[in-house]
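Two complexes follow with chain A in common, the first pairing it with chain B and the second with chain C.
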Partner chain A sequence: MKNVYINSIASISAQKTLDNTSFLDAIEDYETNVLPVINPNYKEYIPPAAARRMAKGIKMGVVASKIAIQESGLDNVDAIITGTGMGCVRDSEKFVSAIIDNDEQYLTPTSFIQSTHNTVGGQIALELQCKGYNFTYVHASTSFESTLIDAKLQLELDEEKNILIGGVDELGEHTTEIQKLVHLVKAEAVKTSEVLDSKTKGAVFGEGANFFVLSNEKQATTYAEVVAIKTYNTLAETEVLQEAIHFLNASNLNIEDVDVLILGNNGDVDFDAFYTTLAEGFKNTQQASYKHLCGEFNTASSFGFWLASKVLKTQTLPEVVKTNNTDTTSFKTILLYNQYRGENHSFTLLKQC
Partner chain B sequence: MDALKQELKENLIEQLNLEDMTIADIADDDMLFGDGLGLDSIDALELIVMLDKSYGIKLTDPKEGRSIFESINTMAAYITENRSK
Partner chain C sequence: MSKGVAITGMGIISAIGNNVAENYQSLILGKKGISRVSKIKTNHVNDIMVGEIDFTNEALEQQLGLTSDNNYSRTALLGAVAAKQAIQDAGITDINAYKTGLISATSVGGMDMTERYYYDYLEDKSTQKYIEGHHAGDSTQKIAEQLGIEKSLVTTISTACSSAANSIMLGARLIKSGQLDRVIVGGTDCLSKFTINGFKTLMILSDTYSTPFDENRKGLNLGEAAAFLVLESDKVVQAENKKVLAYVKGYGNANDAYHQTASSENGDGATLAMQKALDIAGYNPEDIDYVNAHGTATGNNDLSEGRAIIRVFGENVPDFSSTKAYTGHTLAAAGAIEAVYSILALQNNIIYPNLNFKTQMKEFNITPQLELKEKPLQSVMSNSFGFGGNCSTVIFSKEQ
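Up next, the complex of A and B:
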């Protein structure tokens, strides 16, 4: 079986991550409960004729994928695998609103066509003229991890050489209002620097697109190797640490071998215990968190994957993500753990190349 | 007729998300499809719905659209002759 490498990365988030030459040097400090991305100049990347039918999520996905492919040095990829929890929610809202407003008559095709979850993957393929395998995973907070599992299997078996994977979700105005009503979104505005310790119900919601070119051939510019990935639909709080140990053992590693533990905690008082329980088992390990920077969304863990890739390549861990302080200066192995509201857990293991 | 042409251009820009265009960019005799504005088959469906919703015109034969949607001039003439609202 072949190894799987992360050969390029691209991130559109609420931080200045589009410029890959910096690494969370200057942080945008918001005070909000809904965190939109910093929009790139989409016109620089997408022709106007194509862009006119694209909602924000599609534009984010297309731009992030173009940047990732450009950095990989490839002209095209063998496959495109996309993960999204909510899909193209803005066009879905538009289409459903039109049904209600027009009494189920005069329905136009554009927003319906663009509202499906696989629209982003399809538009990326159209832009790239990529006729290879194209698949979209919709599985709540393990949507991105599902893309990673699929890509890893195909690359290990040498079925494909280079695969574009990504996680993308957009904020929809109406959907966000509903999420506020059911207290998934925090009732109060929270400062970025205080989100992780906010200890109130719900999360600061966000959006973003994080794309990567994975390959079974290592380059001089490779970021990291994807060692292992495992997802769980349900996992009890008391089982998380033991499962993490089993997961590491399967790769012949122990807790002491992990240089950084990256957690997906979001400051939700009802569900952060999963993370604190795991963190206690790794108390001598450097720990980091990221959802105060990008917000919570179904594919926010792809931002964590982006963070881990950058840490392993640059061998620096930005102060803004550190949640404890050890004297770790060499980053060889990173374990990521994510879950959302006690469901759809994932462990991802990356190592330096 | 001029007011209708103006209205059609406004609707076209709004319904078809022609973000970078203004009314002044669309001449009355510009070809809407092909080499002109570059509209496509999805836009044609949007225009059929627009005729029904805004002017009460139901196109039963989509092939009719080819001549009706040739330009703002042809659209305005057809609407003036057939509108029920």
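Up next, the complex of A and C:
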């Protein structure tokens, strides 16, 4: 079985993450409950006429994929695997509201087509003229991890050499509005620096696109090795630490071998206990969190994966993500844990190359 | 690595039957399930025909023993019914006795409830229970819960109309690689105003019975359905002395990279998908005895798919037919529905007729199978193609 490497990364988020030469040097400080991305200059990557027709999710996905492929030094990839919780939800909203408002008349197909969940993966294939394998996973907070499982399987068995994976989700106005009603989105605006300790119901919602080229060959640009990935549809709070240990043991590692534990906590008072319980078991380990920077969305964990990749390559851990202070200065092994509202948990293990 | 990927159970609910036996009876009797839509209020009621399942949501909730405060979309209800049948058919009593995963496919997800309560959510608290069920993974989570699958790999694929074929493919790969011993794979989609109007704007809905591979085809009939297969490793089959219905022998996915919705003129993606599936199976084209075509009856698909079939099989195109005139096009579920039909074809050595065909297409000279045909079958190929250029082929076989 071959090893699997992260050979390039690209992130569009609410932070200045587009430029791979910087690493959370200057933090955008918001006070909000909805956190849109900092838009790249899409025209630099997509002809304006085409960009005008594209949903935001497609634009983010296309730009992130171009940056990732460019950094990998490749012209094309063998396969494209995307994850998205809601797809291009603004187009879904547009089409549903048009059906209702206009009583099923005067509809145009564009928003229907773009509401198809694999529209981002399909559009990237079109842009790249990539006729290879093309899958889209849409399973809530493990949508991105499903792409990772799939890509890892193919690369380990050497079925493909280079695979583009990515997580992408966009904010939609109506969806956010109704999610506020049921307390998925926080009722109040919260400062970025205070999100993780807000202790109120719901999360600050965000959006973004994080894309990566995974390969079974290491090269100069390589960020890290993907050692293991596992998802769980259910897991009780009392089982999380035990599962983390099982998961590490399967790779012949123990708690002490983990240099950084990266958690997906979002400041939701009802569900952060999953993370605090796990964190207690890693008391002596350096810990970090990221959802105060990018917001919560179904594929927010792909930002965590981006963060871990950067830490392992640059051997630096930005202060803004640290949630405790150990004297760790060498980062060899990173464990990521994420879940959303008590469901769809994942552990991901990355190693320095 | 496990050599074979055995299919040991299947379940289905569609417009032509509420279980496997009823579906098979309809198939061999040439009985289609296409009618005017009755459960969705749409202005297009007289312009379209659909494949609708008789049961109301309430009846399905009752079958599943759900209380009235449940927040199941119709997609989840249909999926749970079909998946439970599959588990029962495979004789599984303890689902967690082996490493068991679930891979479902859907394109509609919880859209039926979203479109019903879109503005009501803002006013009426009683409707708000459906808000969390909008995303496509929700139906899969609910099916997993219905089956008792815990702490395992559960995921959802959405690649439009090839989705369920892709869930079969991923399931097979997870078993072959030894990551899982057993995977429940399939798909579910209900009818919705969203898809009716969406396909309407694309002008690919027929106003009458769909006629796959007919020169004068006018477009597709939408349908709703769910189907699931139980895939098991050699280890489980041996340990449990399981009866094997058929094997997943080959699979391939490729992208047409031509257009967001239309297929390329010569079916590049479809050709690649079929060739990859043959390669994985270690088969030559002549090893395929029957092709269950995607055959949606749109002008574009049937021409592109027909040409791709000729590219793959040359002068010796095997018997082929589309079963979409029976069920309607069930979108993300179609690959699973037609997997069940392909396995039934193998089990019974039967090829189903391509209903409603009258006139030979002028672009090529291949003609679908028009009458029910008995013939010894060893291997069946099933095609599923979708928006975003997504092309998938799965090969089912009697041999391991």
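As a convention for this text, the second predicted complex is superposed on the first by the 352 of 353 C-alpha atoms of A that agree within 3 Å, B and C clash if a C-alpha of one lies under 4 Å from a C-alpha of the other, contacts with A are read in each partner's own complex, and residues count from 1 in each chain.
Here is the rule we use: a contact is a pair of C-beta atoms (placed from the backbone, for glycine too) under 8 Å apart; a residue touches a chain by one contact, two chains touch by 3 or more.
Bear in mind that the values here come from a model prediction, so they are computed numbers and not experimental data.
Novice: Going by the contact rule set out at the top, does A:P109 touch chain B (first), chain C (second), both, or neither?
Specialist: Both chain B and chain C are touched by A:P109.
Novice: Let me test your reading of the model: by the given contact rule, A:D91 touches which partner, first (chain B), second (chain C), both or neither?
Specialist: Neither: A:D91 stays clear of chain B and chain C.
Novice: After superposing on the shared chain, does chain C or chain B touch more chain A residues?
Specialist: With both complexes superposed on chain A, more residues of chain A are touched by C.
Novice: Please indicate which partner A:T231 is in contact with in the superposed arrangement: first for chain B, second for chain C, both, or neither.
Specialist: In the superposition, A:T231 touches chain C alone.
Novice: Could you look at A:R52 and tell me whether it touches chain B, chain C, both or neither (first, second, both, neither)?
Specialist: After superposition on chain A, A:R52 lies in contact with chain B alone.
Novice: Which partner does A:D259 contact after superposing on A: first (chain B), second (chain C), both, neither?
Specialist: neither
Novice: Examine A:N344 and indicate which partner it touches, taking first as chain B and second as chain C; both and neither are also allowed.
Specialist: It touches chain C, and chain B stays clear.
Novice: Contact-wise, after the overlay, does A:T136 reach chain B, chain C, both or neither (first, second, both, neither)?
Specialist: Touch partner of A:T136: chain C, not chain B.
Novice: Considering each complex separately, which residues of chain A are in contact with chain B in the first and with chain C in the second?
Specialist: Common to the two interfaces on chain A: residues 105, 107-109, 113.
Novice: Given the complex with chain A, which residues does chain C contribute to the contact?
Specialist: 42-44, 102, 106-107, 109, 111, 114-115, 118-119, 121-122, 128, 131-132, 134-138, 140-141, 144, 149-160, 166, 170, 173-174, 177, 179, 193-194, 197-198, 200-202, 253-261, 268-269, 272, 386-390
Novice: Touching chain A in the complex: which residues of chain B?
Specialist: Interface residues on the chain B side: 15-20, 38, 42, 45-46, 49, 52-53.
Novice: How about chain A: which of its residues touch chain C in the complex?
Specialist: By the definition above, chain A touches chain C via 80, 85-87, 92, 95-97, 99-100, 103-105, 107-109, 112-113, 115-119, 121-123, 125-126, 128-140, 142-143, 146, 149-150, 153-154, 156-157, 174-175, 177-179, 181-182, 184, 230-235, 239, 243, 298, 343-344.
Novice: State the interface residues of chain A toward chain B in the complex, per the touch definition above.
Specialist: 48-49, 51-53, 102, 105-110, 113
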